[in-house]
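Okay, handing you the structure first.
Going by the order they are written in, the chains are A, B and C; count residues from 1 in each one.
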Amino acid sequence: MSTLPTLMLLLLGVAAGGWVLRFAGQKATGNAPVFRDMPFAVAFGYILGAGLLAFSVWYYFQPTLTEAGTPNAGVVFFRWAVQFFIVATIAAFLFRALGRTVGTQFSKKMFRQMPLTASFGVLVVIVYAFTAIFAAWLAPHGQEAIFAKVNVLPGGNAATGGDPLHPLGTDQIGRDLLSRLIYGAQNTVGIAFVTTCLAFFLGGSLGFLAATLQGWLDQVLSRAVDVLMAIPSLIFALLLMTIASAWAGSERWLLTVYMILIIAVIDSTRVFRLARAVGLNIVVMDYIEAAKLRGEGMTYLIFKEILPNATAPLLAEFGLRFCFVFLTIASLSFLGVGIQPPLADWGTMVRDSAQFINFAAFSPLTAALPLLAAGAIALLTVGVNFVVDWMLHRSSGLKE
Amino acid sequence: MQSVIRIILQRLGLGLLTLFVVSIVIFTAVNMLPGDFAQAILGQGATPAAVESIRRDLGLDQPPITRYIQWLSGALQGDLGNSFAQANFASFVGADSGVRTTVAQQIAPRFENTMFLAAVTACIAVPVSLVLGILAALFRNSVFDRATNVTTLTSISSPEFFLAYVLILFLAVLNPVLPSLSNIYDGMSFGERLEKTLLPALTLTLVVTAHMMRMTRAAIINLLASPYIEMARLKGMSPMRVIVKHALPNALAPIINVIALNLAYLITGVVVVEVVFVYPGIGQLFVDSVKIRDIPVVQACCLIFAAAYILLNLTADILSILSNPRLRHPK
Amino acid sequence: MSALVEIRDLWIEGRSDETWSPIINGASLSLNKGEVLGLIGESGAGKSTLGLAAMGFTRDGVRISKGTVLFDGVDLTLASASKKRELLGKRIAYVAQSAAASFNPAHKLMDQHTEGPVQHGVMSRAESVKDGIELYRRLRLPNPEEIGFRYPHQVSGGQLQRAMTAMAMSCRPDLIIFDEPTTALDVTTQIEVLASIRDIVEQFDTAAIYITHDLAVVAQMADRIKVLLKGDEVEDADTRTMLTHPKEDYTKSLWAVRAFERPQKPAVHTSATPVLSVQNVSAAYGKIAVLHDVSFDIHQGRTVAVVGESGSGKSTTARCITGLLPPSQGVIQFDGQSLPANYKQRNKDQLRQAQMIYQMADTALNPRKTVGEIIGRPVQFYMGLSGKQKRRRVEELLDEIEMPAAQYIDRLPSELSGGQKQRIGIARALAAEPKFIICDEVTSALDQLVAEGILKLLARLQDDLKLSYMFITHDLATVKAIADEVVVMKDGEVVEQGPKQDMFAPPHHPYTDLLLSSVPEMDPDWLTNLLNERGVDNIGDAAVDKMS
């Protein structure tokens, strides 16, 4: 274990470098305020950052094959990651540039203020939505179609156990993995979207009702939600899924419907809390009092006065909730109690192909398979979160 | 001081009440099982004796309230009933010996393992995220802050199993530093045990640190914007003193809250991570029991998870009351 | 002798949406030892920013782009962070607007008081504690021996403000910046803080920059006054000259605001039925009684001003009248008819006849609706107009409040200034064609010039439309300007009521007297005279306590 001393030595080196940087800067610029008032931590950070950058560049240009002829898998994965990062950045940049020139006055203005992360997020959401809607046209095969060749390796190269017909290979019963990955967008994302909408409808309407009416209804609903929220959501979902699976028996599609209902109800408690809090903040405003004193009815109050002012926080919450629901469903599927076969689903795909990761040293492409499905899940949530983060930052004004 | 004690007693009472209601919810949920459940779980070839035994265990021959009271009083004494796992096996063999493992026997060692995993995670995650969070708040809008923002957002957004496999890929497969399977057994040395626990703990750390760091950052930024911090700076106090003397005492409550919330979050995260690493903890037991519909175990695990969750939130609540000078020194 | 502070051609910018916009455009000032400079201006004039810049300090998102700030020969814009820390607290001190927020809630007052002297090496902790008690005594804080060992939340607002002044004095600085130290206080509390600040600044011969929007306050405190408008310096002169002979138009208009006063209307015929009659009303929030036996009448075309300090029950009275808080006893009569206690039981016409205008125009207008929609709703709801007729009526109403319809009808509230928002609030009330309007502190969130415009508008509308107003306010200048009759409230009871001219002339009820005499006047000798008259121990809270 010489890792620890090496690490310590490296850190010491960085610290010394930071000190030198600051000292040299002060001397070279005649004590300019930038260097004079620079905290040591900042100088340390600069050197550390520069060191990491230099190491990354060096590592990127390492050969992909070792001298023994086996693939240097670490380098391969690193290159993939860096290439993905660069392509994503360029795509986000181009997309934002496009948004700034095309579209309405409003959307142009929005794109002008948008940071790169948010435009990347929007792009990801659009791509996923497109894939989900047009999965049937995009996928080369049906999601349940079974081919004669089983366990075809990815890569499409016959010499390495692949098949050009199946660029990502086939699974153990001979289904085309690329098609299943594309259909996964439809199933996983679609189901998560439906569930979130349901949770919003349920939690949102009850939350606003509780905020406007207050009194006993508010008390009863709030206490019920308190209790439901005292059980961790994934645990509660698993418990209810056990019972649902007993009810569903061999009807697997029924279990998927139950799952949608269960997660929607569990998640609606969180939506309820937020909708109620947002509603309560609006209800105390003087313009609501003015409307009440004018003699306006409940419908007008909720739809014309409260809701228009709640859209921004609710939209952000919708994004967050969607991520949460999406991850919960993926986790359930990964654990084997979520979306049921024969529907293609990313969580299940990760579970089924997880053992391939052990082949990384011989065939990086094969090992990438479980990561591809898991990455597909992660990418969408990252994208949505980027957008939500920007929305929240914008609505909080210039507080930071 | 008396009012603080009163508030704390109120919170404690409320926590207990919540736990009580939660136990009713869990019990009721299980009682919504279809009637022919015992037959369904054992399959067509089950012996009538085994079916009857399961029915007796579920107490389906008694009214729900009696069953609930029995279950709850049993649970309070540490008796969580018998597991079905052996019954299944017994019915397969065709002879039910009547001797089965109790739920408590199954849970106890695994509970200890899970606590160990959570403790290791907390030991890494709490200091790292507090330091990173405070740094990000102090250097907000810098390159460092933006980079950590993007990184943590990515880490929060990724499912636990994605992070787990990425870690396995780099730390177990490509560079065999740590074992990718956590087979823990009795009588291992502490070092060995720590080594096997490290990878799952790192996975959990990634998720929890991201959450905790972002919350710490938000809390500290919020605090640094308050007029009394500006006042301290205008009194000519050094940045170090401003942080230690003026910001930290007030940051205690939000930070305690952040820690407790994230430890509570660990409870959920532990389930998936234990499955990935085949870590013999309570989360894995829970998932296995869900799959084979081992109801008493599911019920018990659920109660334990909920209790831990409520307890953590309660602790956070009470500690932040204690750290509030307004409540400690009433007018 | 060179000046203690010398600011030359200072330019300051603030960041909004990635661009830098100017806050201060080339301000200069100089301040000698022991001199007090008053900085006045309306909101957005940049007076706080300039005050902080005199300490070499800028808030986040604000930067000094050009110019120098010399303090005793040291240029603070170039000084290193550690050099500035040596000066701050020790030689330059700061008193913030909200003492409650600026004291650290986690430490006792005395610990915060001694921090400066101990850290700057001026005194030992024991000496500083002794000195602190002495300062508390000089600032006339009650229980000076003991008050320092309390936490901030255990001390009242006016006392905290004085404790903060003591803290600023703890190192005997050469300069103190007072940033609106009395704005958040009631008039009777304000006066004792003013008196003690002035005394202590004089005693230690400390130079001070006193920032405020209140002309009368600055007249008492400053030797010299500088007027700012949107980051530009308007005028700079010594206090007496500035008050008697202002040169610039802007300064003159500020001074003139104080002179606006409507003539008293003749008394109403005793047999006339009042538009609104509050009869023996008592009310409570839960079990806490807040109103006791309140009665007064409002006649057609008249304005009744309800005056009192915070907590006096004036807004609660309005809630009883509107029916938001049904009274526990007593009745509200409208045109001789009793109104149902709860607004939910009132019919559309009863609701229409009594309208309300709110203090905070920001929260009174739905931010998602355009001006046209906001005013159009009551037109449609009560009058049943729609389409073109509705639009024509909205345009008429906008005309009425002197805002060109073509320009404003499609704007959102966020695109209007504070005064314009308040005008929309008035138009919304007018749209219901009411007889009676409750104005709840409608001018207190506005700058003086804007407030004057609103008051004049309300007065004109009253004459044109024969409206009756109930005018809730804590500001006696507003009362003087607009009221016909005055109701003085304290602790939920009516202390005194009558026609304005009687109320502003002796003999007064003792509380009315205290309230009236506590309102600062433009005369620079006012505070001195008042203190001579009443004695230092007979102002503010002490006087209020003696009365009850």
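Worth a mention:
Here, a residue touches a chain if its C-beta (ideal position, glycine included) is under 8 Å from a C-beta of that chain, and two chains touch if they have at least 3 such contacts.
Going by UniProt, the chains are A = ABC transmembrane type-1 domain-containing protein; B = ABC transporter permease; C = ABC transporter ATP-binding protein.
In this text, all values refer to a predicted model and were calculated from it rather than measured experimentally.
Here A-B and A-C were compared by C-beta pairs in contact; the pair with more is A-B.
Chain nearest the geometric middle of the protein is A, using mean C-alpha positions. Chain centres were defined as the mean of their Cα atoms; on that basis the chain farthest from subunit B (ABC transporter permease) turns out to be C. One simple way to say how far apart two chains are is to compare their mean CA positions; for subunit B (ABC transporter permease) and subunit C this gives 51 Å. Centres computed as Cα averages put subunit A at a distance of 22 Å from subunit B (ABC transporter permease).
With centres defined as mean CA coordinates, subunit C is found 49 Å away from subunit A. Subunit B (ABC transporter permease) has no residue in contact with two or more other chains.
Contact residues of subunit A toward subunit C in the complex are 33, 36-37, 113, 285-287, 289-290, 292-296, 305, 308-309, 398.
Within the complex, the subunit C residues that touch subunit B (ABC transporter permease) are 55, 57, 59, 84-90, 93-94, 96, 98, 101-107, 115-116, 119-120, 150-151, 153-154. Subunit B (ABC transporter permease) contributes residues 18-19, 21-22, 25-26, 29-30, 32-34, 37, 40-41, 135, 139-144, 149-150, 153-154, 156-162, 165-166, 168-170, 173-175, 180, 221, 225, 239, 264, 267-268, 271-272, 275-276, 286-287, 290-291, 293, 295, 298-299, 301-302, 305-306, 309-310, 313 to its touches with subunit A in the complex.
Of all the residues in subunit A, the ones that touch subunit B (ABC transporter permease) in their complex are 39, 41-42, 45, 49, 73-74, 77, 117, 226-228, 230-236, 238-243, 245-247, 249, 323, 327, 330-331, 334-337, 347, 350, 354, 357-358, 360-361, 367, 370-371, 374-375, 377-378, 381-382, 384-386, 389, 399-400.
Across the complex, subunit C is touched by residues 226-228, 230-238, 241, 245-246, 249-250, 325-326, 329, 331 of subunit B (ABC transporter permease).
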